[in-house]
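Input: structures, listed below.
You will see subunit A twice below: alongside subunit B first, and alongside subunit C after that.
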Partner chain A sequence: MDSPIHRILHPKAVAFVGASNNISTMGTAQMSHMLDGLFPGRIYPIHLKEEKVLGLKAYKKLTDLPEVPDLLVLVIRNERVPEFIDVAGRMGTRCAVVISGGFAEGGQSGMNLQEKMLQAARKHDLRMVGPNCIGVLETRYPFNITYFPYTLKPGHVGVASHSGTYLTHMFPVFKRLDIGLSAGLSIGNEADLGMADCLEYFEQDEHTRAIALYIEGFKHGRKFFEVARRVSKTKPIVALYVGGTPEGGHAAVGHTAAMAADDKLVQSMFDQAGIIRADGAEELYEMANGLTLMPPMKGPNIGIITNSGGPAVTAADKAAKLGLKVPRLAQETVDELKKVMPHTGVLNNPVDVTFSDRHDLLLAILPELLLSDPNVDGLLVYGIFSADFYLEVPAIKKSIGADVIHSLHEMQGGLLDQFIEIAHKHDKPVVGSTFLDRSDTAVRRLIDGGIPFFRTPEQAVKALHALYSIGRYRTLQSGA
Partner chain B sequence: MDIIESARAAGLTTLSEHQAKQVLAAYDIPVTDERVVADADAAVVAAGEIGFPVALKASGAELLHKTEHEAVALGLKDAGAVRQAADRLLKAGIPGMEGLLVQQMIPSGRELLVGMTRDAQFGPVVAFGLGGVFTEVLKDVSFRIAPLTGQDALDMMQEIRAHKLLDEFRGMPPVDRDVLAGLLVNVGRLAMELGDVAELDINPLMVGAGGPVAVDALIRLTDPKS
Partner chain C sequence: MDSPIHRILHPKAVAFVGASNNISTMGTAQMSHMLDGLFPGRIYPIHLKEEKVLGLKAYKKLTDLPEVPDLLVLVIRNERVPEFIDVAGRMGTRCAVVISGGFAEGGQSGMNLQEKMLQAARKHDLRMVGPNCIGVLETRYPFNITYFPYTLKPGHVGVASHSGTYLTHMFPVFKRLDIGLSAGLSIGNEADLGMADCLEYFEQDEHTRAIALYIEGFKHGRKFFEVARRVSKTKPIVALYVGGTPEGGHAAVGHTAAMAADDKLVQSMFDQAGIIRADGAEELYEMANGLTLMPPMKGPNIGIITNSGGPAVTAADKAAKLGLKVPRLAQETVDELKKVMPHTGVLNNPVDVTFSDRHDLLLAILPELLLSDPNVDGLLVYGIFSADFYLEVPAIKKSIGADVIHSLHEMQGGLLDQFIEIAHKHDKPVVGSTFLDRSDTAVRRLIDGGIPFFRTPEQAVKALHALYSIGRYRTLQSGA
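What follows is the complex of A and B.
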């Protein structure tokens, strides 16, 4: 793949300016992650005084390096940036990540400096991410020059963000919600490469299955729209958008111009481009992750299986508000339900097993029945948990014994594997909702089996709605 | 387009209603049958050709928001009414008036708005919504970036809060959504092809039993300096 973003994420020789042996500086932290023993390239710290930086031989200037670096990383004072870009460009370097701030985000002199930097880059055909960003990471190569270490497994969500925090400070959230990234780019001021370039990279990247964007405004709005509209037909795009430019500025005489207020127009653009809009940072990533795991939903009808009324009611309510349906089940399905359900159970959608001890119902029999029902396009399951909590109950642990609890785990384990198989064989999305997390044995096993779990029933329904929107968009806009 | 070039040559930044409609007609957007005339006699002749009743409006490239100047007379049923209205308009001293526009009266139907503007971020944008006196009050409008697919146009119609107005309504048959979608797609095409057009308002676009007709239209040209 010959995209500049690809080259920036897979460097072979990195010249790093701005790291030292002082761990309180940003540059030092950002360079340190390359020294985790996994980064396959060569690292050349540039430092005027130090012999060594973080144990690596340091060089006084770029022209002292034993080879031409294919990536230049700058975490230095803003005034010095254009010069470094120019020197590297003359040497033959074609990529840079400029972390430094103090450019177009801060007034006229910063804007002038950004223009000067850009001219230096253009002269040498050098492409850059930044300035005013927190770096980039790629999880398989791997390569990480963001501020924080990435210790999670490589995943399938590609991220581009105007905010450095909404990339790097989310790593703990990714851990909690079991989300893995393919790559992430903090794109800062988008002086050169921007959102649309990231989309084009993720479109081609085989490991990226869904794209999460944090957007504060549109530097190249038209290009973004055109690229997003194409990419969303093959990979789901979720975006969190806030703020933007104020409306107006032109001499409107008609009604149309005056009413094209910013947020409404952006929402229309998202709808037209097939972009799912998230409401908050956690939702952005939770949703994007769910979309990497499940196929689009072919119709608006969701089946709900629950072990309790409350979550089913909130899920059904959310579904109605979003325009999804919780349909009656086919007569054949209802006939089957009569045979298998406990006498307290609810024999139609939402199917409520009412705290039954029959794990086989919740995990195998009901999912198979509902997913086989032609009235059901996608499935939400609430109420799966393991016997873990018994280990916390002294009376049970003492009188019944941990070995009994473990054998219960084993019995449930087989059913969990059945659930995973059923969930993936119908070409209909299946999502889970739980108030537990991967510390629960059963939830963990399903998450690891590729079933997305959401923090609340409402979030799970939102994910099904997103899958429905994506399916609908692709069907209706396929001729476009 | 000749109309735009001659307006540019004359240093104008807006087109007259009649000129704007000629631009629309070039993009297969149905417009009222109408003529621009200079005096009351010619107005009566034109009205006879078009067929009664007619509307009479003051005409001029820089004459915007005509109703504010009481520069419109509607539902004129015969030659006498046309002559009387023409005399009144000609004597009223309306600023920017260059002539009289005699126009076919379209039976009342749903009053919709179709428009376009150019957004600094996204380029040409097409708008659809409630027209007439409700436009400013309710702001019930949807947007799509040009060019539009047919599906974009259908989505825009469904997106306004009052979309049920497009179904069977007060004895009117439902709007032919495919026809209306075609019209919106054409406005998108106009926006892409005519870079000189900065803004377009068709308001109202009257949609009754006979299909959509642009009853009033406004076109502002881009600033030649920018």
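What follows is the complex of A and C.
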């Protein structure tokens, strides 16, 4: 792939300026992640005084290096940046990540410095991410020069963010919500490469299946929307935009010199470009991850299966608020329900099995029935969990023992596999909602089987709504 | 306290009908939690065949018991409920929790049965929670007959819920978000005692400092709003209402026979009664818990301290959307900021220290400065975390060792105590936002010190907005 972003994410030789042996500096932490034994390239720390940095031979200046680095990383005082860019460019380096701050976000003198840096880069056809960012990571090559270690499995969400925090501080959230990235870029002031370039990279990258954007403003607005309109035809884009109020816009200028635009205007552009809007950081990533797993929804009608009334009511209410429907089921479906459901159950949509130990209903019979119903375009299931919790109850644990729990797990296990098969065979999206997480055996098995699970019924409905919006956008675009 | 809810939550002798030695029945799981050695009362299982139930002597019928139970719990088929109520009432029992379903939520015959049950209860002046519920718990007495074990510390949030799930399935969420309950009631169909009775109990209960309600409809609407209007003058009430759309309302009828009302109408009643509305289950509890810890906010002006631009922009944008202000700071404050801040920092609100190892700024100097500023009514702090994460970076861990981490913790520890002291002394609310949780040493120390931490900047701002609404409501009420 001939994309500057691709080159920046897959360097063979990195010159790193700004790391030392003092762990409380940014640069040191950022270089250290390349030393986990996985990065397949070569690393050259540049340091005026040290012989070694974090155990690697250090060089006093770029021109001392044994080879031309294909990537330059700068975590140094702002005034020194243009010179380093110029020296590297003259050597033949064509990519840089400028982490240093103190540029356009800091007023007129910073703007001048940014312009000077940019001129040095352009002279040598050198492309850059930053300045005023927290670095980038790619999870399969792998390559990570952000401030935090990435210890999660590679995934399929591509991230571009004006804020370094909304990339790196989210790693604990990714872990909790079982989200894996393909790559992530903190783009800072977007002096050269920006949001649109990231979109174009993710469009081509085979591992990226959905894109999550944290946006404070629009540096290259027209290009961004043109690219987004194209990319969202094949890969879902979810965006959190926080610059739309005077307060948000004002804060954004001081942060990344972002060109904020009015919230309503941006919403309308998002709609035209097929961009799904997220309301908060967790939702941004949870939604993007869910969209990597399921096909678009072809109509607005959702089926709900539950063993508990509350989440079903919540889901139905949220669906209506978003413009989705919770339709009556086809007569044949209702006839079948009458045969299989317990006497306390609710025999129409939302289908509530109520309290029941009939795992086969929730996991196999009902999903197959509802997904086969022509009135249903997508499915939400609430209430799946394993027998794990019994072990938390001392009186029960004492009276039954681990072998009973084991056999309950065995019995449920086959049904979970059936659920996974059913969920993937109908070309209709299926999402789960749970207040548990990976720590529950059943939830973990389904997540590993490619079923997205959401923290709340509302989030699961929002994901179905996003899949419906995506389907509608693509239909409209292909008709145009 | 002479409240029927109080009596139901503090029984001395419980007759439990519907538990057996088969762990896969609801009743068995529900009775089992009383066997954890903490419940201070006596338990009498009623069973026709078994000699013992979960190790306790079982009795064939209520009249065989060695004493008059002060609470009857029923987890049996619906038809048998009225008779048990009648027999217990004749014996002198004055309280019951009816967990059984198949009453008003299930159509006309169920409604008739509910009426019959109610007549039996009224004849003996017996008060009841349910039917069609999942039980109740009190965390200090303690007493728990819900479906799940409560293994968390007692707390200060009182819960009343139409859905059993929104009480019991949330225990893992409570654990993750560090939320403790005073008591929780799943009130089901509210045949007798309902939402308003729970409010009156929580109003009196010394351990309850905020109230969380999950509402599907209004059985006793007028009474509920009258009581809520009074209670919210002294204790914050947060509510999740999900019956306001046709779809939500329809699903609610099938669940708890709830009388749903139009969403806008309910919103306006909430506003008049000082009820804070939550948008989802996590928010409901996270907000209620936060409100137990901080005083009302006296004006709309929030100060923001951060070490990262993104969360500050997000918080400022959310604040503006909710009608809060992110004011310029007083000149004296700005003058002080100039003296203490690093050169890359932002010297007005939001105050951004940018990347800095000056923990004293974030934890002591800036909080004191902003809370002393007359332009600031409440404070949000983002960016507090410990040195824990260094241990996740192999290269750093190798080069520094545990003793350096230990000394970093020591140094930060004193500042964390200063932060706690400053946060509590100004009579202005202080909230934190973090993408980490209790597993981080610094966050845990502050949570234990009574500082509410929220999952996202948006949630932290919503909490400040709630505290502002509460302050305004109380001022208006006291003026009227």
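Keep in mind that, in the parts below, the second predicted complex is superposed on the first by the 460 of 480 C-alpha atoms of A that agree within 3 Å, B and C clash if a C-alpha of one lies under 4 Å from a C-alpha of the other, contacts with A are read in each partner's own complex, and residues count from 1 in each chain.
Here is the rule we go by: a contact is a pair of C-beta atoms (placed from the backbone, for glycine too) under 8 Å apart; a residue touches a chain by one contact, two chains touch by 3 or more.
Since the model is a prediction, treat every value here as computed from it, not as a measurement.
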| item | value |
| --- | --- |
| Partner chain in contact with A:Lys264 - subunit B first, subunit C second, else both or neither | first |
| Partner chain in contact with A:Gln272 - subunit B first, subunit C second, else both or neither | first |
| Partner chain in contact with A:Leu35 - subunit B first, subunit C second, else both or neither | second |
| First (subunit B), second (subunit C), both or neither touched by A:Ile451 | neither |
| If touched residues of subunit A are counted for subunit B and for subunit C, the larger one | C |
| Which of subunit B and subunit C A:His162 touches, first, second, both or neither | second |
| First, second, both or neither for A:Thr344, with subunit B first and subunit C second | second |
| Partner chain in contact with A:Met26 - subunit B first, subunit C second, else both or neither | second |
| Which of subunit B and subunit C A:Ala58 touches, first, second, both or neither | neither |
| Common ground on subunit A, meaning residues reached by subunit C in one complex and by subunit B in the other | 245, 249-252, 254-256 |
| Residues of subunit B touching subunit A in the complex | 14, 64, 113, 115-123, 125, 127, 129, 135-136, 139, 141-145, 149, 151-152, 155, 159, 198-201, 203, 218, 220, 223 |
| Subunit C to subunit A touching residues, read off their complex | 21, 23-24, 26, 28-29, 32-33, 35-36, 54-55, 101-102, 106, 148-149, 151, 161-166, 169-170, 172-173, 176, 214, 216, 240, 242-252, 254-256, 263, 279-282, 308-314, 316-321, 325-326, 343-344, 346, 350, 352, 354-355, 357, 389-390, 392-396, 399-400, 404, 435-437, 455-459 |
| Subunit A residues touching subunit B - in the complex, by the definition given at the top | 218, 221-222, 225, 245, 249-257, 259-260, 264-265, 268-269, 271-272, 476-477, 479-480 |
